[in-house]
Amino acid sequence: MVARGLLTFKTTPSIVATGVTAGPLEKKSQFVDKFDKIYEDERCEAKTNEHGHAKMMEDACMIALSKVDSVPSDADFMLIGDLINQMTPSNFAAATVGIPYIGLFSACATSVSSLLMAALLTETGMSKCAIAGASSQHNAVERQFRYPNEYGAQKPETAQWTVTAAGVAAVTPYKKGFPSIECGTIGCVIDLGMTDPLNMGAAMAPAAADTLTRHLTGHNKDVKDYDVIMTGDLGKTGFELYKKLAGNQGIDVTKNFRDAGKEFYGADPSFLSGASGAGCSAAIFLTEVIDKMRAGDYKRVLLIATGALLSPLSFQQGDTIPCIAHAIELTMK
Amino acid sequence: MNKVMNEKAYCIKMEGMHIRKLSLVVFAVVLLSGCSGSGFRIDNNSSEDHAKAEEVLRNDKRLTSAVTVFYENDLLTGVTLKTFSRFKKEKIEKELKKKLENSYPELDVTVSADSKIWMETNKLIELDDNKDKGKKIEKLKSLIKEET
Amino acid sequence: MVSIFITAFIVGGLICVVGQLLFDVAKLTPAHTLCILVVAGSVLDGLGLYEPLIDFAGAGATIPITSFGNALTHGAMAEAEKHGLIGVVTGMFEVTSSGISSAILFGFIASVIFKSKGKV
Amino acid sequence: MDEKKYAKLEKEISPKRPLMRNIIFAFLTGGTICLVGQFVSLFYMTYFDFTQQTASNPTVATMIFFAMLLTGFGLYKKIAQFGGAGSAVPITGFGNAVISAAIEHKTEGYVLGVGGNMFKLAGSVILFGVFSAFIVALIKTILVKFGVVSW
């Protein structure tokens, strides 16, 4: 099989700063100390959920830029996305921040696809500083994809909780002492006929396993090369399925495997299978993983963000849930 | 390991709610068992002989209680039924009405198994003033009519 | 008097168990489940079985959504008895108006007072 | 891996819905709501001129009022997570569906948002209720006309 969809970055662009903001409920996350800003109000003091969503994204951008003593006019590109109708929150955030902008949509995999795109632009030499990231807001996502927030529907144990968080990274040409992007793999859309929107982990697991195997064979790597292989938001159920699928491919899944969605809220059973949403993987990848890399705990990591590419319409028309997973490999030289 | 502990915590939490709910039910049942009246009462304000009515009502095994008021041309009976006889409420009402009408052909007979009627008829008996009785009986009759 | 509270609890609970079975065993969404129960209530009333159930269980039969179907059918049939076929259409909301009108009214009031919150 | 194989694997690994637990809790929750309804109906019978039968109208309205308070204060979804169908099947669940949609769409304004979306979830219940009532009453009317059954 010819290896397709593989990206290798010779200049190894670096992630020099991150900005992560989160809603009040995310105080329950075990990574809460690492977030840059926590809002006391779930709408971030804005009038609607969607405005709060945009504000969260804006603030995350400004925080990331301020960490490298920059202002928006220093950045060349802004590559962000979210899950709401035509990505309006990201659009509004981009309007306020005023950086040349491309909206990206890979559902919850946007956190990695945006980093890959930012790395590509940097590789070509056309970007000195690119902003990449993703966000999600629980209330806005819930009312669009499922039921009104106050509607009483019993969720099964496989259901996941969309987090309210935004994670943004500033990507620049290689800089010593910062995690750098070495390679990546663009995922294929995988659809194994799952239809249950309350079991998204199961729908996304095959995509994650597929991208993992493609990345390992394509880049001639082994699981042992990585300090951690972290998936985005598979949740407890999806993570088990993903390990099983990867195990069937002869991959050793016994150690170094982590899932951001499973770990986000710790072991709190009220969040059922765990966290999900574009903000989940963005927030954890850009805090927990990057911090550990800068501290020297991790030398080489593989991040695989998974996204379920459904819409309320496609689900109601009885379609299956197609899923995608993008992988990015970060190293600390 | 972690998962097992979560589940345990979950179960304990749920059990707590479970017990609270059950105790609520038990409390409600205890509370209510106090106010269940039974027996057969008859209040005769007319010249009719009420023995026949008493016989009809007492001999019906499906009834748990019956309250009857004779007033002028009216014969008003509120009955309560055994739990499973309630399924046949309408049928029982009709049967009793027919029986009483046979016994008292010149009276306007009203029979109801509705607990509102039963409650009100009980109050009616305790009423000392006979003047209001006629009015109240008319009102109850109109309430029953409203249903259909 | 007491027994109606017990039967209300049991019958109401059992109707909900039917709903739960439709959720978990038949894997239906809440909307599908409620539609099936409403249709069931309507058919039971057509067979003349729902009114006796109300006599037996009181609120245990009038509070579950099945009673909505029953009330609609009951109104339609009562009106049909009086006015023939036209009554089937005109009588429908005669009995059941309180549920819908109060849901609309309280829904509007709630939308003025409350804001939705994304709490667990 | 094909779809069938994966569906099998998914069934194996996904946690099963705890059927017995759900049934018991649905029974208790639904029973309790109906019990409350019976108390409300007793209240209306005792203090107002309602008979057992006519009391069901104000009882339903009152239960929906309770549903409004529980929904507004964010408690109804907690009861629902615990009780499942026990909270969805009673009329309070219908109320919750209407009220939660109304609250949620407030941001789009009262006309387009609240007015337009109020019956987003509960509309289907009304539709199928009305349609089946029409069919059932029609069949019964025809049967009565032909003398098969009586009213």
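When the chains are written out, they are named A, B, C and D in that same order, and each has its own residue count from 1.
One rule holds in what follows: contacts are C-beta pairs under 8 Å (C-beta built on N, C-alpha and C of every residue); 3 or more make two chains touch, one makes a residue touch a chain.
As the structure is a prediction and not an experimental result, all values here were calculated from the model.
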(message) My parser should flag the chain pair with the most contacts; which pair should that be?
(response) C-D
(request) Please identify which chain has its centre, taken as the mean of its CA atoms, farthest from the centre of subunit A. (result) B
(message) Per-chain Cα mean versus the mean over all protein Cα atoms: which chain has them closest together?
(response) D
(request) Express in whole angstrom the distance between the two chain centres, defined as the mean CA positions of subunit A and subunit D. (result) 38
(message) Rounded to a whole Å, what is the gap between the Cα centroids of subunit A and subunit B?
(response) 65
(request) Between subunit B and subunit D, tell me the centre distance in angstrom, where each centre is the average of that chain's C-alpha atoms. (result) 29
(message) What's the distance between the Cα centroids of subunit A and subunit C, rounded to whole Å?
(response) 45
(message) Residues of subunit A that contact two or more other chains, please.
(response) 143, 148-150, 153-154
(request) Indicate the residues of subunit D shared as contacts by at least two other chains. (result) 17, 22, 28-29, 31-32, 35, 39, 52-53, 71-72, 74, 83-85, 88, 93, 97, 99-101, 103-105, 121
(request) Send over the residues of subunit B in touch with two or more other chains. (result) 25, 28, 115
(request) Would you mind writing out the residues of subunit B in touch with subunit D in their complex? (result) 14, 17-18, 21-22, 24-25, 28, 114-117, 119, 139, 143-144, 146-147
(request) Provide the residue numbers of subunit C that touch subunit A in the complex, in ascending order. (result) 23, 30, 114, 116-120
(message) Touching residues of subunit D toward subunit A in the complex: what are they?
(response) 1-3, 6-7, 9-10, 13-15, 17, 22, 71-72, 74, 76-77, 79-81, 83-85, 87-88, 93, 96-97, 99-101, 103-105, 107, 120-121
(request) Spell out the part of subunit D that touches subunit B in their complex, as residue ranges. (result) 21, 24-25, 28-29, 31-32, 35, 39, 45-46, 49-55, 82
(message) Can you tell me which positions in subunit C touch subunit D when the two form their complex?
(response) 4-5, 8-25, 30-31, 33-35, 37-39, 41-43, 45-46, 54, 57-60, 62-69, 72-73, 75-77, 80-81, 84-85, 88-89, 91-92, 95-96, 98-104, 106-111, 113-117, 119
